[in-house]
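Structures are listed in the sections that come next.
Note that chain A is present in both complexes that follow, paired respectively with chain B and with chain C.
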Partner chain A sequence: MGYTLNFNLIWRHFDKLWGGLLLSLELAVISIAIGIVIGLVLAVWYVSAGRVVRGIIAAYVEFIRNVPLILLVYLVFYGLPTVVDLVYSAQTSFVATLALYSGAYLVEVFRSGLEAVPRGQLDAGKAIGLTPWQRLIHVRLPTMMRITLPALSNTFISLFKDTSVASVISVPELTYGAQWINFNTFRIVEVYLVVTAMYLMTGYILLFALRLVERWYRTAR
Partner chain B sequence: MLGQIAYALPFLAQGFALTLWVSLLVVVLSLVAGVILGVGLVYGPAPIRWAVRIFSDTIRGIPILVLIFFVYYGLPAVGVHLQSFWAAVLALTLFKTAQVVEYLRGAVASIPKGQSEAAMAIGLTFRQRLAYVIFPQAFRRFLPPWINGVTDAVKGSALVSLLGITDLMQAINQVIGRTYEAMPLYILGALIYFAVNYALSYASRRLERRFAFIRD
Partner chain C sequence: MATSSNNSTALLDIAEVSKSFGSVSVLRSVSLTVAKGEVVTVIGPSGSGKTTLLRCVNFLESYDSGSIRIDGKEVGYRDAGTRQRRSERDLAAMRAETGMVFQGFNLFPHLTAAGNIMLGLTKVRGKSSAEARSIAEHWLGRVGLGHKADSLPAELSGGQQQRVGIARAVAMEPKILLLDEITSALDPELVGEVLAVVRSLAEDGMTMVMVTHEMAFARDASSRIVFMADGGVSAVGPPREVLAAETTNERLRTFLARFRASHF
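This part shows the complex of A and B:
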């Protein structure tokens, strides 16, 4: 057990970790933003669609949710270019994968939120003469947001952590930076302690920010 | 192409068996550890409660991949030598244990306080209260999310391929390395994972419906 902690080499290469963290956040933000669009559109479509469309959307959601993310990452990065004529970087490939992945999880979150909007609110909207589109924008979506925000926060944090899988296709995000320092300096325990702290702190800052949004949303009616 | 894949099937089946074996070990070990720690979190004295809280929040706050690397590369550095298979099982079990702790806490918290007070009023001891009043009710709340979480264990097990363990994921990558048939093999792999996990989540939904008569 004679292991002496020595963080000097970690600090010397800290730019790898800091840059990695920023890239992790960037990957998460872009993927989640696309995922939200996919999730919202498909969820709104799902609740008003016929059986065929529902079946297709459900198939997408169930497929993505039941397959390991690492396999999807490999499939899009190594598999897809062999059958379609597309050239893309590892980073783009990962963003596309995580966007599709987060989309599937967000459809579920938004769908259950939409279904929890009280029937009376929609009837009231209809009674004061709002068009279907106005009812969606001014009644359904805001109410759904308030209902789904806690679940949404958890999904966002978990998707942020999922960016670590990008390291398997050599996207230089935080986990990749950790492995680089691990293999090049052998300060193994130190680097993973620092990276653990970085993930935890970022996670808590995100959670705190999202809780503020939740509170703001609850009071601002 | 089909011939090559058919030729690789026994190899893929071995990988699949390993995926199931890892998942099963993780699920069973984490259930035992998680229930013990979960009882510690709900009923234990303050120091135990804090320790379990810190353990659970730390583990759930980092990516499972970081935990796997930490355990795999970190343990030998401090003089603990495990086979890569057991290092992987340990890391996945730690992760799953933290989840089981939270399922258990949630399930126990969902039992109305009056139940435990009534049990106290008729003179049951702490152990009797747990065994005859709290656990039978909490169990029904615990089961559906837990089974749903088993799919996470199966999906998480794909990460052990990064430690050179020949699970289904790694077997697929190795067959691709020889045949260059990337897309068909990844799709085949996705379908196998899908079949297992969909069956599990279907079972979980059935159970949830079966226990839907319990209200808050």
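This part shows the complex of A and C:
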């Protein structure tokens, strides 16, 4: 137990971590944004579709949810270019993968939210003469948002943490930065202490911000 | 009183409507006409089909046979005797002509009292939001909630929510208003304020079909009372006649007796 903590080398390379954190956030934001579009479109489609479409959407969700993210990342980055004629960077590859991945989780969140909208509200929308599209936009989606926001926040935080998987294909996000410093300084305990703290802090800040959004949404008029 | 299906002065003409949910027959050849300005109250035991009948009138529920016309126009199906369902767009336009107030209020929780009323006015009636706002304020004033325009439903009492529900329906200027047990979910002390609003609408000549268990109110406010039993119209007539204790209709007498025992 003669190990003494020494953070000096960490601070010297802190730009690797800070830049990594910013990239992690960027990856998360872009992937989640695409994932939200995928999730919303498929969820709305699912609740109004017939058996075949439902089956296809369910298969996508089940596939993604049952395969570890790291495998999907390898599959898209190393596997896909060998069968299709596409050239893309590791970063693009990861964003595409995490977008598909978050899409599958968000379909589930949105679908259960849509199904939880009370029938009475949809009836009320029908009764005043709203068309199906108007009911979706003005009644169903706003109510769904109120129902799903807490679950949505948790999913977002979890997807932010999942950006660490990008390190396996050398995308220089936060975890990759940590590994780089570890390999070059051997201050393994220090670097992971600092990085853990950074993930925790960022997670808490995100959660706090999302809770503010939830509160605002509940009381907005 | 005329109840035949070819009464040409009828605003609402329900003719031999039948409906079943799976193997359960819920409406059995129900016929009923309602003239403009009439207030018709539907009473009957639980499960007799009252709610289903109202929901068929604005096609929230489809029916298997028969026809329902408002102002001569078939509600849910294309005319000319086909059983072809109208397009969703057509159905929406038809539904805008009937107002409905629900037992559970069913206000849109993300919209204020005024917002609830404005939604249909702007999206369905095509009014500007300034115009819709002033109509909403007018109706909120009428139901005694002029000061609650910017409150969310969650900030209102049940009675207040239901009055918003009524304002939301009548602001669309429907030809006919359907009210399904609109006071059943309210604490007894809040029932009066809601019924007062209904009474004032009746005085304005609003055509209404309502389901209620408030017998005293039904007796005082209705032009006619319909007694439903087992999915059919078992008795229909002026309140005094239908609610008379010495009626020869066995089912009605049982219903009223049980009702008096539990409610008076």
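As a convention for this text, the second predicted complex is superposed on the first by the 220 of 221 C-alpha atoms of A that agree within 3 Å, B and C clash if a C-alpha of one lies under 4 Å from a C-alpha of the other, contacts with A are read in each partner's own complex, and residues count from 1 in each chain.
Everything that follows uses one rule, which is that contacts are C-beta pairs under 8 Å (C-beta built on N, C-alpha and C of every residue); 3 or more make two chains touch, one makes a residue touch a chain.
Just so it is clear, the model here is predicted, and its values are computed rather than measured.
Contact comparison for chain A: of chain B and chain C, B touches the greater number of residues. In the superposition on chain A, A:63 makes contact with chain B only, not with chain C.
By the touch criterion stated above, A:139 is placed in contact with chain C alone, chain B being left untouched.
Contacts of A:131 after superposition on the shared chain: chain C is touched, whereas chain B is not. Contacts of A:8 after superposition: neither chain B nor chain C is touched. Contact residues on chain A toward chain C in their complex (touch as defined above): 118, 120-121, 123-132, 134, 138-139, 142-143, 146, 219-221.
Across the complex, chain A is touched by residues 58, 61-66, 69-70, 73-74, 77-79, 151, 154-159, 161-162, 169, 172-173, 176, 180, 182-183, 185-187, 189-190, 193-194, 197-198, 201 of chain B. Those residues of chain C that touch chain A in the complex are listed here as 58, 60, 88-89, 92-100, 102, 104, 106-112, 115, 119-120, 123-124, 150, 152, 168-169, 172.
Chain contact summary for the complex, chain A toward chain B: residues 1-3, 62-63, 65-72, 74-75, 78-80, 82-83, 161-165, 167-168, 175, 178-179, 182, 186, 188-189, 192, 195-196, 199-200, 203-204.
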